[in-house]
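Each of the next two complexes has chain A plus one other chain: chain B in the first, chain C in the second.
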Partner chain A sequence: MKTYGSDRGFSGEAFVPKEDDDVIICRCEEITRGEIRKAIYDGMRTISEIRRYLRPGMGPCQGMTCERNVRGILARETGLPLSQIPGYRPRSPQRPVTLAELGNESEEEGGGV
Partner chain B sequence: MKRWDLVVIGAGPAGLSAAIEAAEAGMSVIVFDENKKPGGQLFKQIHKFFGSKENHAGVRGIEIGQMLLEKAQKDHIQVELDSAVIGIAKDRSVSVRKDGQTREVQGQNILIAAGASERTLPFPGWTLPGVIGAGAAQTMMNLYGVRPGKKILMIGSGNVGLVVSYQMLQAGCQVAAVVDAAPRIGGYGVHAAKLARNGVPFYLSHTVIRAEGDGAVKSVTIGQVDSSWNIIPGTEKTFDVDTVCMAVGLDPMSQLARMAGALIEEKGGLVPTVDEYGQTSLPGIFAAGDVAGIEEASSAMLNGEIAGLRAAFKSGYIDEETFRTEYKKKKAALGDLRKGTFSPENKGRTDLTLTSEGLPLSENLFEKGFLTDEEVTKYPGVIKKAGVHPVIECTQNIPCNPCQEACAFGCIEVGEDITALPRINPQADCRNCGKCVAMCSGQAIFLVDEEAGCVTIPYEFDPIPEEGEMGTALGRDGSPLGQAEIIKVRKSPAFDHTALVTMRVDKTLAMKARAYSRKTFSE
Partner chain C sequence: MSTKMKADVVVIGSGAVGSATAYFLAKEGKKVIVLEKGHSIGCGQSCRNGGMNKIDGRGLGELPIAIYGLKCWKDLSQDVDTEYVEKGGIRIALDDEQQEYMERFLPFGKEAGLHLQSMTGDQLREKIPEFSPRITGAIYCQEESKMNPLKTTLGIYSAARRLGVTYVSGEEVCALHTRQGRIYAAETKNGNLYEADQILVAAAYGSRQILNTVGIDLPLYSYYEEIFVTEKIPKILDQMFVSAKVTYYGEQQENGTILFGGASGFGNYPNREWYPDSYQDRKRLPAEARALVDLFPCLADTRVVRGWGGWMDISPDDSMMLGETVEIPGLFVACGFSGHGFGVSVPAAKVTSEIMCGKKPGADISHVMYDRFSKHMDMFTGADRNHLINDIQKK
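Take a look at the complex of A and B:
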């Protein structure tokens, strides 16, 4: 059994499987509650670490659906309040964009002000 | 890069209100919205809004949306639809995707008014077709005229859950139950009462255990939770439904504010920290509406106006005095909307026991969605009087006062405090005009003549009953009480699609019958 420092709000008990572990949390990337919980026990203590490790929030909706629930799991497993659990780091593009759209940047000069 | 005085992200109530305020001050304004239609959620809101008469109370959301759009057009505001803002930078440049292209525009000011997304409750079976969000249900019904399902279970008893459940009844769906893990109904009692008297049961302190079905939802099982949210064995209950609707809260869409680098806090969701004018920690970048904290559309409009006003002042389009005067007015109106039993500070509280008048809040209304026949007599809107008179079953302090305006004969008083319970003035004479009945957003006003056994109710279901037909009078809890004869049906443009149906019941039922079913009554 690994023991982690308590500085990140985790006491270091062994991972215990739960009945609803197979419930999908991130629908875009099909990641379950159990996988996320396991990741926390594997040492991922922030939502960004979990995101890099498992890819929740990396699909088409960019975490719009799962962010709150992943934060909730982190809060429960680590005992930290939600206020101490930041969300995913949003990056551009926030919506799915095709390469053609990105390559087709229109130039619009002047005007407005 | 094209530059604008104000770039608004989101053409909902907050965004449009800000754009109008800024454009009327003379600013150049552009509004982007990723949807094909503007108005945000307003065009899905077919119910009459609460609030003060000055702020469109008693008017349906869909009409408020129309008013905002017309104003925006009149002000020549450029509203670009199907245009998703995909990125934003500290220098106030935003990237927009539209028509197979991306482009960048820059704003001297930016308002992020992107709204909110629906929260989900991941339970076993929640990914089955048939499990939908309340917003999706509203989109299907109110924008596209599609019934979301035949028989529905609603999860969540906040105003969204209550309002959408009622709309589902209006769409002809059967609502099997409204379920909430909290011990009290989260939304307005009057919204809950509309469901209860039409036979919808409430299950408080209950949560979903699982939804089941082969390829689609066929049933859902709920169970009662104890104080630590564990299911109490033996309390499981299964409903055969084809749809499970989730109304478990909204999450502010603060991603763009976060991307720009604004300071963020947890306030029932991740929101940018804003000052009293809606400016984030980044100068010139504002946030209003649900992005800055989940509230009603009426508050979103005022917050949007304040942000637009502030941007206009900061950019030199209005002078300080104009700004101060206007801001003060809007701030006061906003303050009014944030008072009462359901104020932001009372959110989630389950220990409130008294109204601001010191009257007991009905525990029954909180738990079952209806007032008992005894309880209802304790409130100032309910008096005994000969002849026809209004009976106002409004028992929680909700910021709303159109009833007072509705009566031209002085029967109804709310007074200065907009959250005060409406009082009946026993001296004033009711002329049976019915305007209060139609105007009440909570459908909590009835005209009653106890001697004659006549009860007039607001009616918003199709088909509207016909004069002369016989049906069943239903009690506040939805139970059949006795035979009802429809003696009068009133429709008028002044009633805005709410029919006033007068039924004659046995005299002893006049203070009990509050809904009507077209089914024949049988003992």
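Take a look at the complex of A and C:
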């Protein structure tokens, strides 16, 4: 039975390109549909693996625009229902903040080098 | 539903160490199964680290393996896109005491063949003007390098899979089994049994519990560390950089982002030596942000995009634990990488694969054997173990 993250064998077949492979899915990192399909072909089976391997959703917008599409591609390529595929894991600080802002705690917090 | 599978080798843990060993063994024609407890391959430290290969200041026992790594990383990079860049690394001092601490390593490093160069703060800033005027001295190590840990870890998985290695994720090993004194199988929580003549435990901190099921105990502890990444900025430096005692570390990646992390062992923040079990709260990321601006004042307006953390597996002398167990033939160990294992993951995997194939290892592993602490095991239990570890470290 197929489940999320399972079915990791290598078929030995060549990667088959598709017509819409050059559509950009993640604008921040400029990653195309074809690159995501190729990552799945290379063995990536979870959203985290695709993100780490290729970086979609790791740019300044943190995946606001591409999450749905990447999940959709993984569902289609692996034959899993979309409901079984989780979204991106949110990471602080959620929205980019400058180092000065992030480090701006009160004096007694200490820190720095 | 339970299944039984057989292979030449079962590897427990799909981090860089486990996966790369599987990859090298597959190249030798072995049938290998890798078992990973998480859903995602490499989801432990190997996909959470800074990708820096620190050599200067390493435990001396690890040094031969780190030097073997210079070759192993280049060889691997022919096959896997690691983004390996060998442009050296910088260790930074903020005062004389730190400088003196750093320089202790020099004779050992030079004897091992490393190209190390001591410099003053001004000499450092001549090379890289962005460094803060507070830096008083530095040591440059030419052989140090950086790589992309995510691409590397998952690239090794992808390459191993092409060579026929079977990966099973969501498969947590709960016990090992022996037969007539030899290793025989690994059993998982899902009720599956994986039989093999050789089993490698490369499960980082998880290794301790797994080995306990066959009566072997290693002094392994876990320790939490955080790291963050900034937006892409124009190139400041090629070299990785760390503090004198490696309490923090950073690098600018090939894509222009800066990775920076550490134990926050600076300023008013507790050093690794003073740590409670973990130090995980909202103060850490801000403390690291201040540290990075302290080092590079020009980065104050650079934006932090994402922070994350990971649990490290720490050994009493901050060095890896390798080897075939004397207690149970066929059972191998590769863990205890102590927060700087990514840089040596590939050579450590290579020597492990060599000993598993009955070959002479490409580097001397006699000082990093898994059982070097066995005489002191009674010291490594109880609440105040950190102090005991530190006592041993100081010796």
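We adopt the following convention: the second predicted complex is superposed on the first by the 91 of 113 C-alpha atoms of A that agree within 3 Å, B and C clash if a C-alpha of one lies under 4 Å from a C-alpha of the other, contacts with A are read in each partner's own complex, and residues count from 1 in each chain.
The rule we apply is simple: a contact is a pair of C-beta atoms (placed from the backbone, for glycine too) under 8 Å apart; a residue touches a chain by one contact, two chains touch by 3 or more.
Note that the structure is a prediction, hence the values are computed from the model and not measured.
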| item | value |
| --- | --- |
| A:Ser92 touches, of chain B and chain C: first, second, both or neither? | both |
| A:Gln62 touches, of chain B and chain C: first, second, both or neither? | both |
| Chain B versus chain C as contact partner of A:Glu77, first or second or both or neither | neither |
| Contacts of A:Ala100 with chain B and chain C, given as first, second, both or neither | both |
| Touching partner for A:Val23 - first (chain B), second (chain C), both, neither | first |
| Partner chain(s) touched by A:Arg33 [first = chain B, second = chain C, both, neither] | first |
| First, second, both or neither for A:Thr46, with chain B first and chain C second | second |
| Doubly contacted chain A residues - partners chain C and chain B | 62, 91-93, 97-98, 100, 102, 104-105, 109-113 |
| Residues of chain A touching chain B in the complex | 20, 22-25, 27, 33, 62, 64-65, 67-69, 82-83, 85-87, 89-95, 97-98, 100-102, 104-113 |
| Of chain A, residues touching chain C in the complex | 3-6, 8-10, 42-46, 48-49, 52-53, 55, 58-60, 62, 91-93, 96-100, 102-105, 109-113 |
| Complex contacts: residues of chain C adjacent to chain A | 39-43, 47, 94, 132, 134, 150-151, 153-155, 157-158, 161-162, 164, 166-170, 230-231, 243, 248, 264, 266-269, 283, 285-295, 299-308 |
| Chain A-facing residues of chain B, complex | 1-5, 28, 30, 34, 84-88, 95, 97, 100-105, 108, 117, 119-120, 122-124, 126-127, 251, 253, 255-256, 258-259, 264-266, 269-270 |
